[in-house]
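Each of the next two complexes has chain A plus one more chain, namely chain B in the first and chain C in the second.
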Partner chain A sequence: MNLSYRLQQEFEFLLKSKAIISVLLLLLAIAGVSVVLGLNYVDQERQQIAELIQLDAEERAYKRTLAVDYGGAAYDAFHAVWNEPSELAFAAIGQRDLNPTMMRIRALALEGQIYETDSVNPELALTGRFDYSFVAAYLLPLVIIFLFYDLIAAEREGGRLSLLEVTAQNSRSLWIPRIFLRLLSVLLAMLIPLWFGIIVEGTAIGIALQASFAIALQIILWSTLVLLVATRPNFRSETVASISIGVWVVLTLVVPITGKVYIESMVPGIKGAEVSLVQREAVNDAWDLPISDTMDAFYASHPEWSDSPPITGVWHWKWYYAFQQVGDETAAELSRGYRETMIERDQITANIAWISPAVAIQRKLEGLAETNLDASLAFEDQVRSYHEQIRRAYYPVLFREVPFSNERLAQIEISDFSPTQELGDD
Partner chain B sequence: MTEIALQATDLKVIRGNKTVLSGMSFQVMQGEVFALLGGNGAGKSTTLLAFMGLLDVVDGRAEVLGQSAAEDAVAVRSKIAYLPESAALYEHLNAIENLTYFLSLSQARPDAKALHSALESVNLPKDSWTQPLKSYSKGMRQKTAIALALLRETPVLLLDEPTSGLDPAAVEDFHKIVEKLASIGVTVLMVTHDLYGACQVAHRVGLLRAGQLVDVFEADEDGAIDIAAIRDLFLQQQAA
Partner chain C sequence: MNPILLIANDELRFWRRSKLAWTVLTTLVVVSVCAAFVSNTEVSRRAQERLAQQAEADAIFQAQPDRHPHRMVHYGHYVYRTASPLAVIDSGINSMVGTSIFLEGHRQNTATFASARETGLLSRFGNFSPAFALQSLVPLLLIICGFASVTREKENKTLYQLIGQGIGNTSLLLGKSLALWSLALLALIPLIALGLSATGADIFDFRQSLGGLTFGYLLYLSIWVLLIVGVSALVRTSTQSLSVLLGVWIVSVVLMPRVAGAYANAAAPSPTQIETNLRLAETMRSGGDSHDIEDSAFMDLRERTLAEYNVESIEELPFNYRGFVALRGEEADTEVLNQFAEERMVRELEQKRVADSFSALSPIIAMRAFSMALTGTALQDHHHFLRAAEDYRYDMVQSFNRLQMTGMTLADDLARNTDAESGRRTRLDAAAWREMPVFELQPLSHAQRWQAASQAGFIMVLWLLVAFGLLLFAGRRLQA
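For the complex of A and B:
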């Protein structure tokens, strides 16, 4: 068989199918828009991060000039922390707009600072974001259904099937080129925008290939599902369309939503805001407690400062920082529980991905883009370590009650946060 | 020596719960035009499908030039050109594009001259060749499909209601084409409702009823078939 001529004819046939070309162009346009929006999003984030770093350093330097004691200096010294978007983040924003990616932290209690955004993003958690992974998960299967639902039925209903099969002699030489070109065209409609983004971002080739492979798998999976129905003898096109849409509804909507309901019932959620609330209440309550209660609790967990001189007045910065620390420790168990809850929920979601291609492709792309839960938790770990550095920088002058001087303050050096830098453990 | 081109032997076909062909047997010799006449549901189109290997035969054999359609459908189809009843080609393509596309399926790559020649031979108006088929009359579509069958240049031609929708002049042209093909050795099996047309072009006419061949009428020395006898038998069968 002269395959190249056959493919050329099938390609010309495809180009003359206005409905198919229109849908493919629409997919190309939607995927393109999603990539451009994603590129703008990460570009904006990088600009914000650059701005944050610059303004943060300027403000910190200025505040130091106003400092009259170490406690006040620590109180006024904010430090920028950020989670740089990866080179594939444009394709899968993932958890980046749900969990914090840039913050300004200081030596006060950390939990409230970390989970501050948890109470302001519920609308994003509800709707999700329109990005390339959304197109791949939800819209791509619909396009595939459109391309294949009447592949055979339209020929049968148009009275051409017998003529086509007899003329082609072999069914394979009829259907394989037609299916192949439709698969190729939908793959190109998805990959051209993706690779535009990949080139703009300079994404590592290994990551780019894995993302492309995931898209190809999604296309093959959905094509197989639709073709399994479309090739049933005597199924009418509307029957194939109805069944295929039904499968789409189940796999992309019913399974994930049922899974979410199941997760919420099986793994009752602790909310980040609750952690924040517990920590803040502990801090606020401390104002009404005897100073010794707070200091005893603090020294119990930080015996290295237990030889600090006793507090004689009604106020001391070291007491203030001690109850901030105790506030974090009060909320620590809840915070760990919150983290474990998120991990447990994520693991269940991973299992749901086995039966929902929509969940699977989104998780895969978010994993490659480092915008998934693992990446969020890794960033949180880095923030915690960095916060510990900040505390440890100020505690010696606070708990040793070193007399204040600008020279001594200048010696308190805290390196800038670096998301790629390995930070020491607590 | 003339060989058997098409042979049905005790053909039995069941579609759904209905026995469509029940033990039908006949032969068509090379270069012969054989017409199968019958009412709706007699099994005419099913017989053609059996020869093309497009349905499961419960019993018996359908052979094309000695090869079983059920066992070697690909080889059999390479020897067959088929003209379906509705002549359904692609509406959004023009005649040239339809012919080029369909012929590419059979690995044929005709040049423009061959395409033009085929379209001229079926008298399709030249100014319509580049118009999409959706602007064609039924007769023009039928002519395009006939051109496709001619371009296949196969030794066997299966025709399903070939003159349906054609005007009298086009029917006359079509009969001439069939006669010309038969004269160069092409075997033609046509199924039709058109008693007069069948008798005009066929060497033999078989009468089908309820999946069985009731009788076969042969042309006399002058090439004429006794239309009245066929009509009477047909009406008698219908009444029974």
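For the complex of A and C:
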């Protein structure tokens, strides 16, 4: 019996097994639906971004026509920023819905603006997303358990095991073609929908291959786990199934949930709400402080404007923008702490991924899809430097106390936000 | 002895000798106790945190110096949401929503900073709470314990003997169910213990909900018990039974809730926050800027007020007209804001309704809705908090606007930024904010929670009837 004959034999056997074929088709269908939903989501987001850019420009242009001074013009001028979904985002939407993805910012204190997230329905968010990474993390292992749990026991319980072992030359040629075919079929059921999405989105080939490789690795890992149990002599198929499901429950449900509790108690960290509280306090207190206090603090970090004429009255726009900036500076340390809290928690999550394949595959896919924390923080950085650009665009007219004219205002040009290009240098 | 009890007793005796059953039992105990412990620590830690934050915010607010009251309108105040005492059983949407809202004049802020973002990826794997254990894990353990309850008798050819002894098919299946049901009862103990030891405001009211909750979980687990024994009686081999039951568990527990969510999002999509904000800004623009008494939007009001008081100019009015405009402006703004807020809440509830309709396909969706409603951690509780915070905001802002109206003259108010003496006179005594009542969230009452839960409860009863029908059907088909 040569190998190709055995493979053909096993292939026919596989086709005849209604249960296995239907489970594989079910997996194919579920993965397919998840990809279609993901593509739909990404498409919707791109449309929203396109609409945002258009509305934003119109609204800003309209507001400019109402301007009577530079400070007021800056106060009313919102600028859209957005985090474009990547070409693999359809497969792992990740935390995109909980992280800020699009907003409109202005020259005021940024800490009060940057954490604005979209309004999600909390009850729908609670169940978690139904995306391709969910299928890979949760359902794929269950399908693998189903394909392998009675690989040997079924033959034994059917009374065919000894016959098979006698007719086969060695046990390798008996089981390897069968295992191989099942692995291949489950891999295809997972990769066909993924590659459909990849082709539609035009994902870079390197990223596409890495994602496929991660899926293959997940399949190999789980099939090894199940086979380790299934090949134990004298284990009945129900026992194999129960143990495998038990392992799945522990690795996919218990470990991540316990990990979450662990993370929250180990890294209590800084809450976002504290950052905005401090920033708000600083901005509010400025109203009661002597103007010179604020201006001194501002000039200390912005010495280039320190020769600006002193403020004589009780109100000046340059004072207003100065205390906005001082508010940000006051909260800067906390804001960094908030960021570090999230990074630290993410690192613990990375460690948990070593013991939970479900966490590992989701992290990997979210990393490739740029829907993870790193991508969210990178976006935050871009927003910060863009905000800096907006702020500084108005400083010359404010601090040089240029008399207001629409012509001069029109000269203040702030290029549109560009999510890919590196902005500024600080 | 009653044949049902006899069979149940027999099944329990079998379990005592079975290693698998002991493993399941140990797992059950460990999972339930851990879930109860973890949930309890977490919820009480968060409750402490929030109490401290609220106390701090109150202290900062009350310590504000003498000020112009409109400065306080912009200074604003923070309110924190206290979790329901039964959140130890089911934390529901708590981690998905922000727990604090910043309240200020002229606008409604959303509850920001959900802990889910701060925790990251893992927040999506669920919460380790008795609710999670009972909804997801206990059915799985029941399956592992019960999938072979009838098939085993078939495979060992002992079914003949049982039926030969004159035990009816239905009694046989009911006896098997009773044995499995006793395990389900065991799983409920941590829930009851935790619920009874929970403390907090309105605890008596929550005790009533706890009764309903226990009953609901018992109903839910009974559905699984009947389903498991029914399937085990319908199929030929234990392997088939296990495959079918695991398939049912995966589809109904793992897959369906997410499909329901995805479907609801697609079927009733919500506009983005930015879109809503732009629309809101446009609507509010026509309302005018209440800081500017010369704003054309308020000219009508001026005419009417002057006519009402029979005076020629706003200076002659018996109150500070500027404060009056602020008061009326806030009133009009709030009307628009509330309209938008209500629109959003209605949309969220509509999405929830669409998602909940999937409970016809999976009992866990009904159970989740039932559980969150009764523990006070559902969407409607969040909306209740938002509304309470908004009422508090409106009262606070308007009390300051009224102070501005009565506590100073229009001349002083207009000159406050140019004349130091006027500025001093418009700075009002801080007693006004020191004495402002603190925010206290009155949770929804048991009756309101029960009303929200009743539909899901009804669907669970239907599920129970279906499962019982399946069992009877299996009994009729069962042949030795």
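Note that the second predicted complex is superposed on the first by the 413 of 426 C-alpha atoms of A that agree within 3 Å, B and C clash if a C-alpha of one lies under 4 Å from a C-alpha of the other, contacts with A are read in each partner's own complex, and residues count from 1 in each chain.
One rule holds in what follows: a contact is a pair of C-beta atoms (placed from the backbone, for glycine too) under 8 Å apart; a residue touches a chain by one contact, two chains touch by 3 or more.
As the structure is a prediction and not an experimental result, all values here were calculated from the model.
Student: With both complexes superposed on chain A, which partner does A:Leu194 reach: first (chain B), second (chain C), both or neither?
Tutor: neither
Student: Looking at the overlay, does A:Trp315 come into contact with chain B only (first), chain C only (second), both, or neither?
Tutor: A:Trp315 contacts chain C only, not chain B.
Student: With both complexes overlaid on chain A, does A:Ile291 touch chain B (first), chain C (second), both or neither?
Tutor: Neither chain B nor chain C is touched by A:Ile291.
Student: For A:Gly159, is the partner it touches chain B (first), chain C (second), both, or none of the two (neither)?
Tutor: first
Student: Which holds for A:Val249: it touches chain B only (first), chain C only (second), both, or neither?
Tutor: second
Student: If you stack the two complexes on chain A, which partner ends up touching A:Phe146: first (chain B), second (chain C), both, or neither?
Tutor: In the superposition, A:Phe146 touches chain C alone.
Student: I'd like to know which partner A:Leu174 touches here: chain B for first, chain C for second, both or neither.
Tutor: Touch status of A:Leu174: first partner only.
Student: Looking at chain A, which partner touches more of its residues: chain C or chain B?
Tutor: C
Student: Within the complex, which stretch of chain B touches chain A?
Tutor: 49, 52, 54, 73-74, 77-78, 80-82, 84-86, 88-90, 92-93, 97, 100-107, 109, 145, 148, 152
Student: What part of chain A is in contact with chain B in the complex they form?
Tutor: For chain A paired with chain B, touching residues are 1-2, 5-6, 9-10, 12-13, 16-18, 158-160, 162-170, 173-174.
Student: Which positions of chain A touch chain C when the two form their complex?
Tutor: Its residues touching chain C are 19, 30, 37, 40, 44, 48, 51-52, 55, 59, 80, 94-95, 98-99, 102-104, 115-130, 134, 138-139, 142, 146, 150, 154, 157, 237-239, 241-242, 245-246, 249, 252-254, 256-261, 263-265, 269, 271-273, 276-277, 280-281, 284, 287-288, 313-315, 341-342, 345-346, 349, 352, 358-359, 362-363, 366, 372-373.
Student: Per the contact definition, I'd like the list of chain C residues that touch chain A in the complex.
Tutor: Interface residues on chain C, with respect to chain A: 20, 27, 31, 38, 41-42, 45, 53, 57, 60, 65, 67, 71, 74-76, 78, 92-93, 95-100, 102, 110, 112-128, 132, 136-137, 140, 144, 147-148, 238-239, 242-243, 246, 250, 254-255, 257-262, 264-266, 269-270, 272-278, 281, 344, 348, 351-352, 355, 372, 378-379, 382, 417-418, 423.
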